[in-house]
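After this come two complexes, each holding chain A, first together with chain B and then together with chain C.
Let's turn to the complex of A and B:
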């Protein structure tokens, strides 16, 4: 049974996706496809929790399975450490929330296509990224993730197909460069297992041109997927033009998987010795992270659409994670992992809140958020709390992650990095503060809206379900109002994770040690 | 002089791979047409696949079918071929999705030119 756990976490969502397609993506099968997707992801969540418990119990801190009965050096190995287990659980829970949101608001009614099957395929790819221990298999699961993500973007508003195509072109070039890097590495090492590559890399020579070329290609390729400045330009359009559930999984999960893939390749395949032998690589990675967090923050400040602010904020926050990754210390990696998971939870909640505010008050820009705190109090409060988490106000998880990264940067004596992280916090204070100030301290734009403020969520269902058909707007309003739970739970989770940050770091400890071994 | 030429001939598949990668990237960056960009990606990926297959080649090697390799009859390395087959499947899926998106973008543009409203546009997207 335990041998099947890891493969099941990748295979189950694929089976669910096939069933959801069979159940019909069009109106008649809507309910059924939604229930199949939700059920599959609920089981997936339970399996992920079982995996986390098993990983926590096991002495070595890892659970491993080699597929197809091959020796580990030959076959594709799946391997779960605490970080992978938490990531898989996170992917399942957020995807489940996205399926719920999509079905309650009947997103996709306009184009007829529904996101259920794509969300499941995406979950399969993401779980694969977290679990795989094979360099080529990582390419395949990254591409499965990418394919589902490109298609999800195309389900969004007008102009989303163009954004999706651009995302596809850039993403495919990135993945292909990574594949070329893997080809170089395979030619020099003669094997593809990530955890075994370490020793082979030292044998070939940590600074040999072949190894350095392989790293450069893989790094550039994965930088597109993360994304790092200056190859981030595809992200704002793709994330902002997608429908809300798609934005949630793209901004919270796909980017997380990109960073995780990079961490696996850098520390798993090349190893920490590669970083110490090539002393320019770590600072270069951190510098690119710092550039991302500054440029992303500055661009977020200039945007007027809420979803675009959130998208640029993702670029900025991932920059902090990459700074921690580049530092190459235990504290730095702990901070990167905590901030990576924390950002995913927080950003998912923020996109849900933004979607609900757009439904409740038809507000999509910073301007239109004026006085929204009174008209849609619950999503507004959640949005405010999550914003504080993103800024890094204690006791949220955003504070914990940034704190670890700051300490690691100070330990390494990189005061420029310390300054960059602090400035980025100020930037996020500026761009979220601007929104919060309008939400709570600006008068509503006109009196019409103020008068209808008594039943804000009543009109929600009507506008949200306009494409779903005439069937019972009251029931639809209720099902949309229940969605308020999503950002609220995310906000509470942000605080809970922040309060238990040291326990989280302790749980992740075996994973960090494994990466630095 | 001859030996230099031979050295290049020996590495012909690698040179072809580099050429394909360069051509593909050149088309991708240089061409404005969306369809050509997709084709550029295809050529680019083909170059990478050729690179992998070239690395698997062994002089005098045979196909690694169920027959153990011996010193006088070596087999070519099967693993890169497996990888390339998988990568081809990935490439086909990507191309299919890319072409579908190209068609949809073109349709949206045509609709916009003809001044069709936004509501009917979405419906047009789903009509099959």
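Let's turn to the complex of A and C:
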């Protein structure tokens, strides 16, 4: 059973996707496709929990499987540490929530193009990123993730095809650069296993031009996927024009997988000795992270559409994670991991809340959020709580992650980084505060519209995202109202993770030690 | 060039059409050869599937997309693509039933298991690749159902 667990976590969503395509291909098979996707992801969640338990129990903190019974250097190895196990569980849960949301609001209803199979393929790719221990396979799973993400973006609102094409071009260039970097490493090392690369790199020479070139190519390629400033420009359009469930998985999961891939390549393949031998690399990474968090925060301040604010906030928050990654210390990596997982939960909830507010009150801009706190109290309250988590107010997980990164930056004596993280918190307070102030303290724009929006069924499906949905019927209204649970659960999870942050850090400890070994 | 305004019935000239009809069976056979020969020489499901798909597209150019779509049930190509994925998954998981690891194809209790099991996987890949390419091409050619 244990030999099957890791392959199943990658293969199960692919099989589910194929079944969903088969079901959706028949006339009136759409409902069936939704059930298949939901069921597959529910099983995937259970498997991920089983993996987390197994990883927590094992003494070494890792579970490994080599496919086909080959030696690790020849065969393809899958490997799970606590961070990978939590990431896989996170991917499965958020994708399950996205499938539920997509089916309840009938995303893509008019065109007949449905996101179920794509969400499953995306989950397979994301789980592969978390579990693979092979540099070339990392490229393959990143591309599976990317292709599913491009198609998901294209299913969105008006203008999404253009955003998807841009995302495709930029993303493919990034992936190709990464592949080129892997090719350079393969030339010098003669093998592709990530944990083995570590020792081979020191034999070749930590500062040899070949190794440095390989790192530069892989870094730039993955910076596109993360994304870091200045190669973030594809993100706001892609994330904001996609449908709500697609925005959720893109902003919460795909970026998380990008950062995780970078951590794997930097610490797994190149190793922490590479950072100490090339003293400029770590500060360079942290500096780019700091640039991302400042630029992302400043741009979020200028945006008027909620989804674009959230998209730029993703750039900013991932900047904090990358600052922690570049510091190369135990505390820094712990902070990066905690903030990475915490950001994913919080941002997923925020996008769900934004989607539900758009459905309930047809509000999509900061202007239109005026007085929405009274009209749609549940999603508004969840949005407010999640915003506080994003700003980093204790006791949310956003505070815990930022705190670890701040401590790590102070330990390293990089006061500029400390200042950057603090300024970014101020920026996020500014751009979320602006929204929260309008939600609760501004009067509704005109009372006529507010009253008509109060009708329980009339406004369901009014948003462009859900056009073609079965609006107006009581059943549809109930199924959409049940979606309110999604941002609420995310908000509660944000607080719960924040309260148990030290336990989380302790659970992740073997993973951090493995990365720094 | 064409005898109608509808792109569905557009055909190539008589020379090109006849040549395509003559070449198509050989091209398809070469595609299958490439698919089946993947285990012992260059080729495999990806290349073979592309050649098979190219044959379908060649015919579509020669006799018009409409006739090929009807004759080959192109709108059902997503089913073939999904079936290929399931076939590959089945071949990959199969060894577990015989006490092997996932993808340990040598564990199958048949003569030359690694060769023949790989052969089945190659055919599954070829099905997915060709169905995807054909489906995409016909979608671009104006039928968004496949």
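Please note the rule applied: the second predicted complex is superposed on the first by the 494 of 517 C-alpha atoms of A that agree within 3 Å, B and C clash if a C-alpha of one lies under 4 Å from a C-alpha of the other, contacts with A are read in each partner's own complex, and residues count from 1 in each chain.
The definition used in the following text is that a residue touches a chain if its C-beta (ideal position, glycine included) is under 8 Å from a C-beta of that chain, and two chains touch if they have at least 3 such contacts.
The structure displayed is predicted, hence computed values, not measured ones.
In the overlay built on the shared chain, the residue A:172 is in contact with chain B alone; chain C does not reach it. Set against each other, chain B and chain C touch different numbers of residues in chain A, with B touching more.
Once chain A of one complex is fitted onto chain A of the other, the partner contacts of A:15 are limited to chain C, with no touch recorded for chain B.
By the touch criterion defined above, A:3 reaches chain C but does not reach chain B. In the superposed model, A:136 makes contact with chain B only, not with chain C.
Touch criterion not met for A:413: it reaches neither chain B nor chain C. Across the superposed pair, chain B and chain C both touch chain A at residues 112. Interface of chain B with chain A (complex): residues 21, 25, 28, 34, 37-38, 41, 44-45, 48, 51-52, 55, 79-80, 83, 86-87, 90, 93-94, 97-98, 101-102, 104-105, 108, 118, 121-122, 125-126. For chain C in complex with chain A, the touching residues are 76, 78-79, 81-83, 85-86, 89, 92-93, 96, 100-105, 145.
Of all the residues in chain A, the ones that touch chain B in their complex are 110-113, 136, 139-140, 143, 146-147, 150-151, 154, 158-159, 161-162, 164-165, 168-169, 172-173, 176, 179-180, 183, 186-187, 192. Here chain A touches chain C in the complex through residues 3-4, 7, 11, 14-15, 17-19, 21-22, 25, 65-69, 112, going by the rule given at the top.
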